[in-house]
Amino acid sequence: MKKIKARALSLLADGTVKRVLGWERGEDAFDCSPALFENEAEMERFVYGTCAGANLSKYCVKMGKAEGKTLVILKPCDTLSFRQLLHEHRVERDAFYIIGAGCTGMMDENGLLAKCAACKGKEFAVYDEIIDTEECRLPTGTEKRMEQVEKLENMTAQERFAFWQGELSRCIRCNACRNVCPACTCIKCVFDNPGSGVQSKAPVTDFEENMFHIIRAYHVAGRCTDCGECSRVCPQGIPLHLINRKLIKDMNELYGDYQAGLGDNERTPLTSFTKEDAEPGIIHERGNG
Amino acid sequence: MSVSNTGWTPKIVAFCCNWCSYAGADLAGSGRMQYPADVKIIRVPCSCRVNPLFILRAFERGADGVIICGCHPGDCHYTSGNYYARRRMTMLFSLLDYLGIERGRTRVEWVSAAEGAKFAKTMNEFVETVYTLGENRKLRDIRCRK
Amino acid sequence: MRKFAAEKLEQLLSGISMPVYAPVEDGGTVIYGRYEPGMRLRLDKLGTDRTPKEVLFPQWESLMHFKMEGKKIQLTEEERANEDYVLFGVRACDMQAIRVLDRVFLSDPVDTYYAARREHGTIVGLACDAPGKNCFCKNFGVDPAQPDADVVLWPAGDEYFCEAYTDKGHALLNGWDTLEADECAVTAIKEEIGKKYDALPFAHLNLNGFDGEHLMEKFESPQWKKLSMACLGCGSCTFSCPTCQCYDIRDYDTGNGIQRYRCWDSCMYSDFTLMAHGANRPTQLERYRQRFMHKLVYFPSRNEGMYSCVGCGRCIEKCPMNLHIVKVIRALGEGEKE
Amino acid sequence: MPKIGVFVCWCGSNIAGTVDVEAVSEAMKTVPGVVFSTNYQYMCSAAGQKMIADAIHEYHLDGIVVASCSPRMHENTFRKTAQAAGLNPYMVEIANIREQCSWIHKDKEEGTRKAIVLAKAAVAKLLHNQPLQAGTSAVTKRCLVIGGGIAGIQTALDVANAGYEVDIVEQRPTIGGRMAQLDKTFPTLDCSACILTPKMVEAAQNEKIRIISYAKVEKVEGFVGNFRATIRKKARFIDENKCTGCSLCMQKCPSKKGRDEFNMEMNNRPAIYIPFAQAIPNVAVIDPEQCIKLKSGKCGLCEKVCSAGAINYQQKDELLEREYGAIVVATGFRPMDPSPLNELGYAENKDVITSLELERLMNAAGPTKGTLLRPSDLKHPREIVFIQCVGSRCDENTNRGKPYCSKICCMYTAKHAMLIRDKYPDTNVHVFYIDVRTPGKNFDEFYRRAVEQYGVDYIKGMVGKVAREGDKLMVRGSDLINNRQVEIAADLVVLATAIEPDPSARSIGTMLTASMDTNDFFTEAHAKLRPVESPTAGIFLSGVAQGPKDVPETVAQASAAASKVIGLLAKDHLVTNPCVALSDELLCNGCSQCEKVCPYGAITYENREVRGPGVREVRRVARVNPAVCQGCGACTVTCPSGAMDLKGFTNQQIMAEVDAICL
Amino acid sequence: MDQNTRFLTETVLRISGVDPRKCMKCGKCSGTCPNYDAMEYHPHQFVSMVENGLIEQLMNSNAVYLCLGCMACVERCPRHVAPGKLVGALAQLKLRKQDGNHKGGNDIAAMADEKVPQQLLMAAMRKYRK
């Protein structure tokens, strides 16, 4: 943290960057919030550590419009989101100075964050410089990422339905999952747009709960980097990432391995095709109908 | 029309691309090939025009089955539309299945303008499948019931 | 003052002939749900994931239906609640929140949907024998040891003390098999609670200047920019808040007619009070400011100093980015020390 | 709310037989928005159309729904009716209650119920319709003809003679195509070259026609009136402008092992060659596979003997980019390879030949200089067996060939049989046939002449086996009329092989987005009414590319295609389809996903100032070129924010239909 | 067509899986038949006679047994008609007739003898029931 802070201060001092997008110390060890620092005095409250679970990429969409460069601290998984935003022209690379910050797994009061338990790796997809340590490079549990999805797949349709009804019925439509998602960057979300025909504001019936989460997941299909923020922020503890991961798993299996946020502005699985693609009927042929 | 003991008849929405499947449906008509009146067709320019929102909308409104028909892969009037549709629908159907919605309520079938018989056969089969599944209860908005 | 053995509690609840809403589990969360015998009560949970507000003012409710009959419109109003019920286990803060809602919904023009529910409910309060680290209710004149309810329960080891304060409360308590108890025991409990509370980190905040007189000062504070920077504009604070009472009225076309319903809205949303000319609070800064100004300045200035924050601490727990009202009070309040 | 009129058509009894049209028009009267509803016997008739026009005036209708036959049938009719009555033509919706209702249901009550739902759905959609204005796009007044056979040549000549520029792109070194390989043509027996070569010369000399031979179309972009083609002109290692066609190089070339494609590879040709004497352009070409100089660097003999200095071993492929208003597909055919039908022994026996090979064997410029000699030992054949329908008319579940009738075989076989009997009366000719199909002017007379005058032995039956025995080919077949099996010891067996589209057709079809059938023949826009147009606007079909044809029919179709091309090129501007995508810039995120799925490259991104309620800033937003967009809608679904919509098929319109149907 | 003829025709078609209406009467089958001359009725006649219900006539002819089963006609038929399969079906029908009846699945179960291998039963089933 000291190294990052020192580097940020020097970049602020020499005018390379106009501001720093990082984290600010709060009330206790787990309380830190994303914050913007524009001078040395403000940097006094800068913090980076195991409390920095939030993905700052999303803020870059807004911050990219500010004048001058913004320094942003991104963890390895956050850089995937940032790069995906680059692909979608939602951020300008030149507007940011990216410090890739090493990460040993982020925590909250209950221990290691769920998203960190299925860490996708320690490589940075985009950066100007990397500041990390040996222990930050240690590999983690990538291979377990699909375990829970598989568990659900192996249930019967009725069990799956019951499972998701149980989970989704708790949804209060606070939109935290949508608003935190770095892939959900629509200027106007279809759910807020009276012209879209699907505008809705409350989980009035179980259909609306389903609808919101189906469309939310579908809209980010192929663009979701599996950063896990949706589940982290859900005040109702709904495992939303399991919906996204299912789509990722299917796309990998049917259309070849793909990780959003890598590559060079390539097409996502849903904006490309091959003539030999599986027919939709393949869904009907799977077990556990 | 299939009618159950309770008087329930399935509601089936069929999205047909203008160039192949809608023409195929017309051909089925010209050939006087019977299929249940439960099927109502919506004409779209291409299967790639079918937004997942439309499918969910149909279910919301009480449809019991939704079928999307397009040109055979390789024959799309717009060259690639049905290839995109194929991926989109595969992913959507998989997601619905994952959430526990009956698979049989959704289907994609490629029907060319020459395949009137296939169109009729497909519709007969699909209605039969949906009929067996019964009323759509998992993915409809109860407010839309009379 | 009466008392009964703690082990008898479930039996007493089951004996109530009306529906009982109490803190129960739903998935991994605790809500005020319909209590059925055998369910596990979660009276240990401070700051339940969903608030008792929902019993009186649900997230959505149907108001009326329209239907076209030929060329005429037929209108059917939704029936008001007409069933008596018991709302059990309400903390002092949440009870105060209901008083806030009363101010809004029961003053002229009266919200008849709310009023009907309020009238039919008997509320059993529960004193906080162990306030938590996020509690700061006393700052707003709430006594965690004395919920302002029809009946109040004080937990004391293996027994509960209880007292009825209203007719409805008496009616309920009369049906219970309780023993006479000593007032002094409860006084001791209350003192104990007070001590515990005083040791909490947010127990005593400086609320100087949060009043109508300093309105513009607070409104124009340069602090808002920094405070609101990280706000995602989600509704998790609003929807977990026991006092937030803003709602939106919407029409749903069922295909056979229109259902008019209302549902909670959040001032954090970009389409909150959206009008044809655009949004009157164009950025998150204005929306963020609105929420806290309303709770800490506008509402008290119009309601004899009654804050519409009750210090329950839920927003502290729920905000994905750890932004919350305490940070706002500290940032804006401490600069104003007199 | 717009005022809507509903018009329910009886279509005589076609609709009224299974749908209670009165009940439908009555039911529609209660639908919100509908101010007028009626029914009539034939809405498409003059009286029906007048009824619509009158109602539009009388009730000040904003839109009409016609519940009738398929919109593919009469949508345009009713749009024109509406337009004539002062209504925007896109304020018309058709409820298909014939093909998709009355014709497929028997129960009248059920049919009526469904018809009402379909009509309601059309009204629901119409309530969201917006008047649309068709745009215009300029027309490039030049035509591309792909294929330089008789079809391509005829189309090119007709278009050029109307005053428009034409480029013929031919994959072989010369134009002329299959017809140039023929000896005589039925039913008049003129010499093929005698009637074809003057046309080839005419094409070469027409200043409006540019012949791009030994070339292929590599890429086509754009749309009707505005195509842009990339043409690869293969290196022929000869300067076309210098070569005089003297053919001295051919004589001197030491490499003589190239197979002569023009003679169906029945003899060899030099590495440097002119395919045939009357080739156009009459310019040599070097086969790089055979040329010693190109392969090893040694030789260079042709360069030495060429007095014109036309040889250029360094020549490279050349890419031409040309713009066209119309494209004609005249890619022609090739005979199917009969080798897989192993009972006929084509692969094993040199004396089992195809009809096109026979053409070359009988042609004066062919490998035997016009004397009929059998390939194995160059002996004069005394017994010749013709087998019809080889690879034609096969069930699709067999792997024996094509499901269609190749159409020309009956006639050319009669021609061959007649010519042989005429020239070599000592030769016996047997023809195994299934049917003899001769629908054409003077065709049956021609066939009868073969039988009656020339004594050709027509045997109704098929050949089961061809096997070599000594120097004879034992042909065993059935004689169904006499209910016996016959065996003929033949010297030569000629297979009337099926014809199939040239293998280049499929890739050209894909490039042009022109639809094809399962046999790779191009599909016409309408089987009866638009037989020379592809469903893809601006693409026209000429000759066998569309389906099997003989020469007179090919020429007729070629001229028909030309007239359609002329009709298109005569316009300065085209009215474009207004049902195209439209991006709402206030909603556009600038994410570029739509750009990636657009098959026409119709979407571009630009930074533009957008203004709306509370918004005034420069954003990266999508822009649709309405002249290029074809209205498929791929972009609309890809767009995450719903900024992209498709006029005529908007999200709201389709959802309104869904709602109405699901009621 | 009387009821018996119809029954016989349908049985032959069911056993063989052949659709004689697909035949375009080209005569390829008879042209290809190696035992043509020995047969009273020729392959193409089998197709057309079955189509016309002349089953008994065919069954009474030795031609049924003179088919070598080489399947050349099946292989080479351009219409996927497979005359050889018709001959086979007629031969089976003849066999059944000789037996006077044929067994259903339940009959076989009743006849089951533990000493008789199951395979044999299945073979019998196939032969008589199929």
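Going in written order, the chains are labelled A, B, C, D and E, and every chain counts its residues from 1.
In this text, a contact is a pair of C-beta atoms (placed from the backbone, for glycine too) under 8 Å apart; a residue touches a chain by one contact, two chains touch by 3 or more.
If you're wondering where the values come from, they're calculated on a predicted model, not measured in any experiment.
Set against the C-alpha centre of chain D, every other chain centre is closer than that of C. Among the remaining chains, the Cα-based centre furthest from that of chain B is the centre of C. The central chain of the assembly on a C-alpha centroid basis is B.
Set side by side, the interfaces B-D and D-E show unequal numbers of C-beta pairs in contact, with more at B-D.
Centre-to-centre separation between chain B and chain E, using Cα means, comes to 42 Å.
Centroid to centroid, with C-alpha atoms defining each point, chain A and chain C lie 32 Å apart. As a whole-number value, the distance joining the C-alpha centres of chain B and chain C reads 47 Å.
Residues of chain C in contact with at least two other chains: 252, 255-256. Within chain A, the positions touching two or more other chains are listed as 190, 196-197, 204, 270-271. For chain D, residues touching at least two other chains, in rising order: 597, 638, 651, 655, 659, 662-663.
Screening every pair of chains for touch gives A-B, A-C, A-D, B-C, B-D, C-D, D-E. Chain A contributes residues 88-90, 185-190, 193, 195-197, 219-220, 267-268, 270-272 to its touches with chain D in the complex. Chain B meets chain C in the complex at residues 61-62, 141, 143-144, 146.
Those residues of chain C whose C-beta lies close enough to touch chain D in the complex are 68, 70, 253, 255-256, 276-279, 282. Taken together, the chain D residues at the contact with chain E in this complex read 341, 343, 389, 393-395, 397-398, 400-401, 432, 434, 460-465, 476-480, 483, 485. Put simply, chain B touches chain A in their complex at residues 52-53, 56-57, 59-60, 73-74, 80, 83-84, 86-104, 106-108, 138-143.
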